[in-house]
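Paired with subunit B in one complex and with subunit C in the other, subunit A is shared by the two complexes that follow.
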Partner chain A sequence: MTDPPRESFRLSMLIYDTRYRSLTIQVVALFAFMLLVAWIISNTVQNLASLGKEVEFGFFSEPASYDINQRLLDYTSRDTHLRASFVGLLNTLVVAVLGCITATIVGVLVGVARLSRNWLIARIMTVYVEMFRNVPVLLWIVFAMAILIESLPSPRAFRGENATQSLILNDSVAITNRGVYVPEALFSRSLGDVRLFGESSLRFDVSLDLIAIIAVLAASIFAFRRIRNWAERVQNETGNRPTTWYFQVAVLVVPIFVLLAALGFHLGKPELKGFNFAGGTHLRNSLIALWIALSLYTAAFIAEIVRGGILAISKGQTEAAGSLGLRPNRIMSLVILPQALRVIIPPLISNYLNLTKNSSLAIAVGYLDITGTLGGITLNQTGRELECLLLLMLIYLCISLTISVFMNIYNKRVALVER
Partner chain B sequence: MSDTSFVRTEMLAEQDPPPTSVGVIGWLRANLFPNWWNAVLTVLCLAAIWYVLSGLLGWTLRSVWTAGSLSECREVMIATWGSTHGHACWGVINDRWLQLLFGFYPPELYYRPILALLLLIAALAPVLFADKVSPRFLYVTAAYPFLMPWLMWGGSIWTPVGVAAGFAVAYLVGRAPRGAVPGLVLGILSAIVWWMAWFGFPVQAEVLAAGLGEGLAAISPDTAPFWLETVESRKFGGFMLSVMIGVVAIGCSLPLGILLALGRQSNMLIVKAICVGFIEFIRGVPLITLLFVASTLLNIFLPPGTNFDIILRVMIMVTLFAAAYMAEVIRGGLAGLPTGQYEGADSLGLNYWQAQRLIIMPQALKISIPGIVSTFIGIFKDTTLVSIIALLDPLGLSNSIRADTDWNGIYWELFAFIALLFFIACFGMSRYSMYLERKLKTEND
Partner chain C sequence: MQKSVFYGALAAAVVFGGAAGAATLDDVKARGNLNCGVSTGLVGFASPDASGNWEGFDVAVCRAVAAAVLGDPQAVEFIPTTGKTRFTALASGEVDMLARNTTWTFSRDTDLKLDFIGVNYYDGQGFMVPKALGVTSAKDLDGATVCIQTGTTTELNLADFFRVNNISYEPVPIETNAEAQQQYLAEACDVYTTDASGLAATRASFESPGDHVILPEIISKEPLGPVVRHGDNEWGDIVRWTLNALISAEELGITSANVGELSSGPTNNPEINRLLGTEGTLGDMIGLDSEWAQRAIMAEGNYGEIFETNIGENTPVGLARGLNAQYTEGGLIYSPPFR
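Here is the complex of A and B:
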């Protein structure tokens, strides 16, 4: 018997011995990566030096001197670039939230309709899905914009004795080629606003009326659920469920109506003044076009997800639930949907993410979102490409990562608990 | 006594089903009018279809096909139908379709993009329909990445030949040493040395190469054999540009995505961190910001004085973007494989790359076909975004056509034409993926 050969470390083992090879590869990879980063940074420094630029963010406090016509917050062209970017960021979030809501509604309806027993409805929905999925979203956005501008009546058509157009929905909504005018909520005994962040560029007016409404609604819903829980407890103990529905409805409805009456709530309808409408809220074409196009485009993808989710639940589940004596709507809500949602939600959220990222195409129709302000006009006016673009990417990255974090939390919650 | 009870002794003949449940009527009853609210919906749908189709078909078919400008179109419409409303003016497509397809590529050189497209089909055929097309076409596939730029941009053939020869040198040198890693490193190094030698001394290389070809020395580049007239990038445009960016991004993103996915799955911490960081960064930002980087920032990141082509920069960015999405799709496929496959490969004594090539990838890629193809479709659609950074893809061209006084105010015909082109390409891809899934489906799954 001979002893096993003594282990001695040779340099070639760094390459040929699988125990050390991964270490070598990692060191080489780290070294190469750092080399690449250093190379890019040194190039950037050299290029910026030759252009006579420095990396600094002082331009944010200079006046922006451009207008943003669709906005949530007060803003004038004398405000700073930081203010403009902030308004733009809110515009991005507005169109993203609006788009996600409508896309979900349309997508779920279409997805269910594609499974309809009615042959014609299923076919029409298939055509819709294929049409929107196979044509670029940018084309849909500019197409929607062209439809709004070219085919809607101008405000002039609403004017005079023999007007060819009239406001719809009880004289409260005007659809024109300059945008849609909808009534705004006004309070004659308003509680006023609270201004956050003083007079800085991030100042933010919060309406106390809105907060009061939200608080009352939350309290109502809380009371509603307490009553339901109480009824459930009584049913569990005695076997008889107390009749509470009128009480529950009253708890939901009465406080909010009392509050609205106390605040003097009324609608400010748009009215034709001169060549244009005044009063009400003006939703510009750019916002509407972007909203419609993004919603319909994303809805086509959501429809496929919903359809796939429902089809993924095997037929045995329905039959088993039926054999337990559940009725069809209870089967849907208790057995099929909870399982289908586990399949549906993750891709649904990644579609929300896509919609948010696609909202950066707003620049094609002139809706000033964060890309249009920070990455568009501010960039061109100040010539600070590096700072603007890096910040823009960072903001989008933050939005995406926030959404992914929520998705991961949800995935953890609904993950199957395996024995 | 008569027995009134009756016992049938023979089977009754089979009866036909009631006429309302078979044939056309049965189908209609089952699928369109099963109950009253479905009947109402069906009628409503029919009315909607009638409304849309009558408007759309009337607009499409009762239209003007030959006109030099929108006003001319309108005159013809007034003369024929008495109104300009509800009639398409396809004159703009008739007038500008070459531009929408080729951009401002010189018309006398149109044969080059067409040849490139035909070669693309020849190159793709053995890959897409492996069982129907002779594998000899794979030579075209191998040569295509080098032929395409030469055909499109023109110039001397020695440039693509030099690049291709670099890969050949890398392959030959990389085979020499034992083991994958040193082979890879040596191969890459030798290729870099080769390219520096070839392109660092272009005159010598050209003369030398031309000398080989012609048996003569000192030939000026313009008369060198296989010299193609150069076409500048700013003349590229139209659907040709979309297809070019799309094909390059699709072709390069698949291998890059596989590498990124493997890196993300690997248990080497640093490699994994780099891959995860890259993928999450790219997937977290919109493509348009990456295109802004391509158009304004990329020159700042590169050594002073570098100024390379905008189309090339866009292609690089779109490829990186596609690769990150591809990596996630393939990671899904890898995660879908049972651990037994990895262990089985190990127990056969295969090393990492052999296991990936022979066991893991064929299965993982098969699972991820739908995701891969929908990423391809997404990338091809996203090529329209280059119009925002002022490249003349079909959408960008539609704006410049509208800026012409002849066609000022024409929208729907251009949009319809562009949408149709994209629809055909994307719908074709999605149908192909379904065909591929059916073909690769085995009994066991």
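Here is the complex of A and C:
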């Protein structure tokens, strides 16, 4: 017996041998792609150099010199561009988080209601979804802003002897065309703040009052669950469930009230003072318009996803649950929605990402988010287009990837466990 | 829309930045029209009339340059730019020049790689408030809501003014003059601040201008002038001397009415002759023919005529010459000699 002829590798096999050909093509394509990228980068750098604009980020430590109206952190026009960008970033996150929460709630309600057997409700929801899905979100944002500005009274209408407007809800909420003023939480025996990152541009004040409240609430919820688990254990062992509701309510309510009393909690109501209302929390028109428009727009997409998810669950599930004696509401919340979530969550993630990215339209209504500060005024005042925009892209990329990671973790938790 | 233009311009700036650096004059001649960046609409300075023709004080400068270079004051494509997009539009080559109430500052002239070729309007930042508020001084504005065009020097002056005077305010950033007007009239802001000339122009377009006052404080120096890209000195010279020609024409008494007569033959004033090309070769020196200044003056008249027809005291804008009178009349408008 002889050995089969040993095949030796020849260069021509890279092209003529199907085993290697695809590999060859991929390597060549990769090289071409890298060359293209390298050319674009070198071209950009060269052109910027010939314009006399080298890429550098030193401007970040210069004073920003402009004011930002909505700031969650202390900021003055003497702070640096980095600080201004940071304030803008928080504004982006605020509207993104508020928008995602509202869009989810509205979206789920509308999605379920669109499947309602009530003809009127289902049709109204259809009209809502089609209207919001098919008009660009920028128009909704501008439209919401125009309505707020034109239809609401100015603070002047609240002034004087014969004021035409008055505060609502026991004189505590003022709705004006400059925004809504709501009471703010004040603590007369406040624990103060902790400052993170010293005096740098990224300094961050954390309210100890808030931490205390969150800690107490967390402890209350933990205790609440322990009681429920205990009640369940007793029920499993003896068949009788002990009455615990008053105990549970007390655990939830009493500690937080004690804490609030200890901190001297009271509400600071808005008051007309000078040109504007002073005191209270000022929810600016720009935030409200952006928030409403982004939420309603994204909610229309989420509604369709929810509807699709519910329709994906076979009718047999509903019938089976019905035959076990569950009422329609419970069928939805206990049987259908938990299964539908598996279909809903992946497209939901992309809608959260869309909402976050769409929030960059904020400048249309003068909301100073990261695009308005870093990508707007800072860019314009320093003339550093490339640096600002690259950084802006990087920041949005980071935000989006972070949202994706968290939503993917959640998706794994609700996914069907396959064996 | 503005956003896409902006990013498009930016991309263009990045890719073609080097190519746009030179020979704007050749580009303009080859194209057959001048791309002129103007504001998005400011009555008296640059705004389209009912039939869509742009007119105004800044527009007239564009037309004069087009007349000097191309021989046709109508050969201008007006490109509206906002406070934010204007420099990118210029840097990318989307426009050949800016005539858009732009303040000459150190960093814009140097760091942003622009060249300010002169001043066509000496301005300062002011405040406009409704009369009903009863405010008489900007220092009474503690706690007021102020509408401010974003991406402008006024935004920075405003922050400085309130900080220095130790009073607080609530800024409402907006993109264009039209949006500012809408918010101001709806009383979503108490005060509108921009260049005093812009305030006068904006007020002129209100239904009842008398209900609004411009406060006496002028809180900054805002020398406004046309801008070109840094690096193309030949083009810069043409725009600079076209503006100077308009200014000199007023000083020398050359108007759109008598320019034809004065340029038909040499007069006994040699400077008029040099300016109008009946003597000497000034046109050749900037790469144009000898009648360039004649055409520039014929387009919309001399500096004084342009001022009076667009923003002067007999127009709705109603601005006095003030600092913008000729130096011989006690103003700051002054052209170097044509020699």
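Going forward, the second predicted complex is superposed on the first by the 398 of 419 C-alpha atoms of A that agree within 3 Å, B and C clash if a C-alpha of one lies under 4 Å from a C-alpha of the other, contacts with A are read in each partner's own complex, and residues count from 1 in each chain.
Everything that follows uses one rule, which is that a residue touches a chain if its C-beta (ideal position, glycine included) is under 8 Å from a C-beta of that chain, and two chains touch if they have at least 3 such contacts.
Note that the structure is a prediction, hence the values are computed from the model and not measured.
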item	value
Touching partner for A:29 - first (subunit B), second (subunit C), both, neither	first
Which of subunit B and subunit C A:65 touches, first, second, both or neither	second
First, second, both or neither for A:43, with subunit B first and subunit C second	both
Subunit B versus subunit C as contact partner of A:278, first or second or both or neither	second
First, second, both or neither for A:385, with subunit B first and subunit C second	both
Subunit B versus subunit C as contact partner of A:333, first or second or both or neither	neither
Which of subunit B and subunit C A:150 touches, first, second, both or neither	both
Partner chain in contact with A:78 - subunit B first, subunit C second, else both or neither	second
Residues of subunit A that lie at the interface with subunit B and also at the interface with subunit C	43-44, 46-48, 50, 146, 150, 361, 363-364, 385-386, 389
Of subunit C, residues touching subunit A in the complex	3, 10, 13-18, 21, 83-84, 87-88, 91, 107-108, 111-113, 132-133, 141-145, 150-151, 155-156, 158-160, 162-163, 169-175, 182-183, 186-190, 230-231
Of subunit A, residues touching subunit C in the complex	43-44, 46-48, 50-53, 65-69, 76-78, 146, 149-150, 154-156, 177-178, 273-276, 278, 285-286, 361, 363-364, 366, 368, 372, 376-377, 380-383, 385-386, 389
Sites on subunit A touched by subunit B in the complex	15-16, 21-22, 24-26, 29-30, 33, 40, 43-44, 46-48, 50, 117-121, 124, 130-131, 133-139, 142-143, 146, 150, 357-358, 360-361, 363-364, 371, 375, 379, 385-386, 389, 392-393, 396-397, 400-401
Complex contact set, residues of subunit B against subunit A	31-32, 34, 38, 41-42, 45-46, 48-49, 178-179, 181-182, 267-271, 274, 280-281, 283-289, 292-293, 296-297, 299-304, 377, 381-382, 384-385, 387-388, 395, 411-412, 415, 418-419, 422-423, 426-427, 430
